[in-house]
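What follows is a short report on a single structure.
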Amino acid sequence: MTVPVLEMEGISKGFPGVQALEDVAFRLFPGEIHALMGENGAGKSTLIKVLTGVYEADAGLVAIDDVGTLIRGPLHAQRLGISTVYQEVNLCPNLSVAENIFIGREPRRLGRIDWAQVRTRSAELLARLDLDLDVTAQLGSYSLAVQQLVAIVRAIDLDAKVLILDEPTSSLDRGEVAQLFTVMRRLRADGVAILFVSHFLEQIYEVCDRVTVLRNGRLVGEYPLAELSRFELVSKMTGQELAALEEIDEAAPRVERGEKLFALEGVGRTGAIDPVDLDLHRGEVVGLAGLLGSGRSELARLIFGADTADSGRITAEGEAVALRNPRAAIERGVAFCPEDRKGDGLVMDLTVEENIILALQAARGWTRPLSQRKREELVEQYIRALRIHPPHPQALVKNLSGGNQQKVLLARWLITQPKLLILDEPTRGIDIGAKTEIQKLVVSLAGDGMAVLFISAELEEVLRISHKIEVLRDRQLVAELDNDGSLTPERILQTIANGAAEK
Amino acid sequence: SDKDSGGSGSGSSKIVLGFSQVGAESGWRTANTKSIQASAGTAGIELKFSDAQQKQENQIAAIRSFIKQKVDVIGFSPVVVTGWDAVLKEAKAAKIPVVLTDRAVDSDPSLYVTFIGSDFVEEGKKAGQWLVDEYKDAKEPVNIIQLEGTVGSAPAIDRKKGFEEVIGSNPNLKVVASQSGDFTRAKGKEVMQALLKANKDVDVLFAHNDDMGLGAMQAIEEAGLTPGKDIKIVTIDAVKDGMTALSEGKFNYIVECSPLLGDQLMATVKKVKAGETVEKRIVTVETVFDQAKAKEALPTRQY
Amino acid sequence: MPVLVTLGLFLLAFLIGAIRYPNFGTGQVFLDLFIDNAFLIVVAIGMTFVILTGGIDLSVGSVVALSGMLCAVGTMKLHLPALVVLPIVLVIGTVFGAGMGYMIQAFQIQPFIATLAGMFLARGVCLTISEEQISIDNGFFDAVALNSLPLPGGTHLSYGAVIALIVFAVATYVLQWTRTGRNIYAVGGSEQSAMLMGLPAGRTKIQVYAISGFCSALGGILFSLYTLSGDSTHAVGMELDAIAAVVIGGTVLTGGSGYLLGTLLGVLVLGVIKTILSFEGTLSSWWTRIAIGVLLFGFIALQRLIGTRRRTRSA
Amino acid sequence: MNRAEPRSRLAALPGGALTRHTLFWPVTVLVALLLANVIFTPSFLSIHIRQGHLYGSLIDILLFGAPLILVALGMTMVIATGGVDLSVGATVAISGALACYLISEGHGLFVSITVAVVASMLLGLWNGLLVTRLGIQPIIATLILMVAGRGIAQLITSGQIITINSASYKMIGGDYWLGMPFAIIIVVVALAVTVVLTRRTALGLLVESVGGNAEASRLVGIRASGLIILAYVFCGLCAGVAGLMISSNTLSADGNHAGLWIELDAILAVVLGGTALTGGRFSLAGTVVGALIIQTLDTTIYTAGIPPRTTLVFEAVVVTIVCLLQSPAFRAKISRRRRRPSTPPLTDAKQEVTA
């Protein structure tokens, strides 16, 4: 290989109380896809932010095309040919999809923005990823996955020589990921250097050429992927010889399905999801499978009362109930961990501890505060169980890494010990080690008699832990598949494609 | 066309007066408003009243709307002295005579018929004159605290000007502190309390209105001093509470600034409507009170 | 959508006025709304830019007063020609706004406080220059202030109002058709995202305060044309009128959504409330205030109720 | 630069030095202002007993600052929910006017005070309902009452100043109890109750959550509208009591001026104390310090003999200084400038190496 298009050396970055990066080096060559790996909180996003000038490093050098450069901020980085998709969707929800793609570089005619062209060109760009959206609609009206795709579309159209993708695939399903990879390969062929962050090993092995591994803010090493087995990679990330991969492969234990807890009859909401019949039993994990925008989140929100259903009825333990708002649902023992942790989940200005106890405290009412001791006990327990890093209950949630934030959100609902736990993409952005922990936890909770509704873009994960899989397509429940061991991701995909009711 | 329809159709024979008041920023102003409303009633004049909430732009808009409503006479108490030319010209073009009350304007006198009201500079001078007379034999410096009205307001500027001009004649009369008390009791008290701690021998308090004087009086009492004796108090306005304090010997002197312009205004309006000529400047009947006169006047005080 | 509701409510109010009071429903009474509120239109336009980014500018009223004062001092005390004074005043206003914007952007001081300090400062400087009113007797000012643009039907529109409408047109263009305008919406939607998207978020923030400063200065000039004077007590509390107009017009205070047409309608709504009250002519001072509050409440409540009804139906 | 680094509550993190404490700079400014006064008035800090009660400038500051502290306490809670209350000034006026009117009409002290306080709470309730039920933006919802409320106060007083004569009413805001100004005792009690209510129960957490992320709070089942209404009612209550204090201090009710612009002072106090106007995290202690800064600043202006026309310039300067000192970005800039000569920027080094 020739000269690295991008080189970082001796990068250190500390935040009050945390040393996020310590003497890290990183190289990126033209025409390669380079994976950046590490557990949650290892410092990947921080390295990227230092690289694009969002943070100023405490020490270290950055060179672009072998010229030392002080990158002053994202705008400057863009001008230098670095295009970035940051970890959390960072677009403007109040603007239209088209505008989000083009803002800052709108085509102009006679000095004024040529809106017609903005619209047509953004529709074209979206079509490259097989997306057909109303580009004039507000971005905020679309699901997180769509927003993630729009961010990607924006970034790959920037004509950059370096493309940085920080967990772009965390809520995408297979098809979308495949589309993205096609585009990435094409860009690689054009000589673009791509930095790719993901916690999915399969994805890394599918597209990447080399990998740089971080652990605890320190550089572990840089390796050609072809020479590194998955076991080796995981052990480099975790620093332990743990056979994490084996555990993942272990199938979910079969549990006796308990009595019926919730039953939906024709529950739907116009424009969101068609009427659905669904039974949820104690001790049963029900997976929701479907493509992006198929209505999984919408269904979950209806059951939780986050949106109000305009048809159908819900019976809880035999009696008809109206779950008109989240409070009513919570009182019935329903818990809902939403997919958009930034918007719908966490209160960023509060501490880890406060975020964790929030749901429990809300259920108790303000007059009955949890005792200090009880709080500490609960929070300690879940920080340990989910390996939240840094393990300070008093750290502000907004200062946590993406994956650790997700764990905090999960912990919040786990401590409420609900009867029905709805998890919408609970493992989004979570590293493999912690993901296994979470999956085991879900299975064991079901084993203790909890009903779980599990949504994930990753079909393997859904398969691994669900007893029953509901397949959605185009906002309709099209099939219910029993996970009897013979089910494969391919068959689910087929069902989605055919859409034939296989009840 | 319908030039004579004059306001709402409640009989076109009645004179319609459009009056734009400054606001209701003080008890004094309220008394002024009441006087005008009462006099209009007894004089059989239909009053279109509009309150400007102390904003000139509101007053200009109100006068414009009076022009649109084709009232017979426009009266107003200008919030500020300047800036009336444009709208007064409009009134003139619409042949509606304008009468000013309470405060003057600096426009071309041909744009209005007359001005009825008091003279703030004169009031300040009167207060100053009393001091000069009272302390004409003083050998040592007389320390004066001045409580000014709202910063930038016409009465505050003019009263201060008049007062300082007159006391300037005696070098022994020294203003040791001059702060704004916003024309209110609460602020008058607060400021006085602070000033009493910062300035030792204070002899005289001059407040731009009774209310600040009343507040300051409480501060003086709470500092263990006797108002009217240890510290002499001169104020302007002569509202009832002030007159009470004066008659109790807690104030020493009040310069009257009368709000009761209603009768004079209505008389003038009738004359103007009848086409008679009126004087360009009608001075209101105002007096000054010392403690003895206050005792006499108090029982009949209307406001 | 909220803009249409506001428009409907405004027309309704005007119609009620026209039915209730003789001489109300004329073209000139309608045009007077623009004449009597020209400065507020301009100031509220500047305020809209700021609020769209999620900020707020409390200094506008004071800057209006200061600009008027500077016009008066410039022409009457320093005897400078109006065409020299006016650009200087506009530049001072713009720089003043930009200064506050810089504090807000570079030192992350909350806009409310930075502009509150600006409000104190501008008013204080104004008072320091002159406590007394200065009346403007200058050929140019007189010519502009005392003449107006004749319109068909015997009506007329003051040049101040014409300037306000031009500002409105230009500002609408800027917001809708230029990158600066779109950056403003982006920053209002999410400042963090705008920054990460490589938009000049910091510069945009400084820009909106500079624009607001410019508009306030221009508003001050219009105010001094309107009153032909400079006075330190002018435009006290105008910031609240401007904010109210912007919000009534449907712009959200947290930023990112709203239209200038709404702001214009907001100003007209406030104006029509005042006009109705002065045509009514029977209210005492306190009932005037209460009536303003009640009418304001009526407008906003109706706007909300109609607005939400529509939204739930369409959802 | 650190542009994207959010302003963190540095105090909560390990290693936060004293100067990083959110209250460090406001307290420093307060102390500096107090000391500055000693230059003009050497006896400024002394407190002695006169006429059987405490006497001194510091006592005055507390006494006259008491209403502002109270109003700012209520304002803090409203701001924490992500709102703001512009109507507190009007509420102050209405409450004082009502109480004085009733007393002057010969009603009992207790009845009058109760009516005034209940009325203030109802005004708060009205605001809360507009914000939660009708979904009107707080600034505009409370603007309605700000305008109309003063009219109501004037209606009660008929536009006059009502003067009353009641020694026991004077106790609330202008007299002494066991030598201490009673108003200060009220404030201390109110502060203690607020602190206990917000920090010893979960109220504070829930309010911060609603102010920090309303949608997330809804999804954890927090009854946001109840909390928001509660905050406005509490704010109304505080303003009402402050109105009693202000009117009792001079034994008169001035519907037009009582509490004029106190909403701005209160918001300023809240922000100087380190609470963000965007809602979420709040600091009651900070608010108290903020209010004391404002009151001390006023006193300083009087005693230092700053001419009234330049008062505002002076205030602007002080407010700006406090804000700048509080701004981590500003401090970073200053200290970097000081440090610069010793550590050259990284770029230069690399450029030398590679270029």
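We call the chains A, B, C and D, going by the order they appear; numbering starts again at 1 in every chain.
Note that a residue touches a chain if its C-beta (ideal position, glycine included) is under 8 Å from a C-beta of that chain, and two chains touch if they have at least 3 such contacts.
Note that this is a predicted model, so its numbers are computed, not measured.
K.L.:
Out of curiosity, which chains are bumping into both subunit B and subunit C?
P.N.:
Per touch definition, common to subunit B and subunit C: D.
K.L.:
Could you quickly compare A-C and B-D and let me know which has more C-beta contacts?
P.N.:
Comparing A-C with B-D, the pair joined by more C-beta contacts is B-D.
K.L.:
Using C-alpha centres only, name the chain that sits farthest from subunit B.
P.N.:
In terms of C-alpha centroids, the chain at the greatest distance from subunit B is A.
K.L.:
Quick one: subunit A and subunit C, Cα centre-to-centre, how many Å?
P.N.:
44
K.L.:
Could you put a whole-Å number on the gap between the CA centroids of subunit B and subunit D?
P.N.:
Centre separation, subunit B to subunit D: 34 Å.
K.L.:
What whole-number Å value describes the gap between the mean CA coordinates of subunit A and subunit B?
P.N.:
Computed value for the inter-centroid distance: 71 Å.
K.L.:
Using mean C-alpha positions as chain centres, tell me how far subunit A is from subunit D in Å, no decimals.
P.N.:
Measuring from centre to centre gives 42 Å for this pair.
K.L.:
Can you list the residues of subunit D that touch 2 or more other chains?
P.N.:
3-4, 154, 159, 309, 311
K.L.:
For subunit C, which residues are shared contacts with two or more other chains?
P.N.:
127, 131, 192, 195-196, 284-286, 288-289
K.L.:
Check each residue of subunit A and list the ones that touch at least two other chains.
P.N.:
In subunit A, the residues touching two or more other chains are 54, 73.
K.L.:
Should the pattern of chain-chain touching be classed as line, ring, star, complete or other?
P.N.:
Graph shape here is other: it fits none of the named patterns.
K.L.:
Which chains touch which?
P.N.:
Going through each pair of chains, those in contact are A-C, A-D, B-C, B-D, C-D.
K.L.:
Hey, which residues of subunit B end up touching subunit C in the complex?
P.N.:
2, 5, 7-9, 18, 20-21, 23-24, 30, 33, 37, 47-51, 53-58, 60-62, 64-66, 68-70, 79-86, 89, 106, 150-154, 157
K.L.:
Which of the residues in subunit D end up touching subunit C in this complex?
P.N.:
The contact residues of subunit D facing subunit C are 3-4, 7, 86, 130, 134-137, 139-141, 143-155, 159, 255, 264, 267-268, 271-272, 276-277, 309-317, 319-320, 323-324, 327-330, 333.
K.L.:
Can you tell me which positions in subunit D touch subunit B when the two form their complex?
P.N.:
40-41, 43-44, 50-51, 56-57, 60, 64, 154, 158-161, 163, 174, 246, 249-252, 254, 256-258, 260, 298-299, 301-303, 305, 307-309, 311
K.L.:
Under the definition above, what is the set of subunit A residues touching subunit C in their complex?
P.N.:
54, 73-75, 77-78, 84, 86, 90-95, 99, 103-104, 106, 108, 111-113, 154, 271
K.L.:
Per the contact definition, I'd like the list of subunit D residues that touch subunit A in the complex.
P.N.:
These residues of subunit D touch subunit A: 1-6, 8-10, 12-16, 200-203, 205-206, 208-209, 212-213, 215-223, 227, 280-281, 345-347, 349-355.
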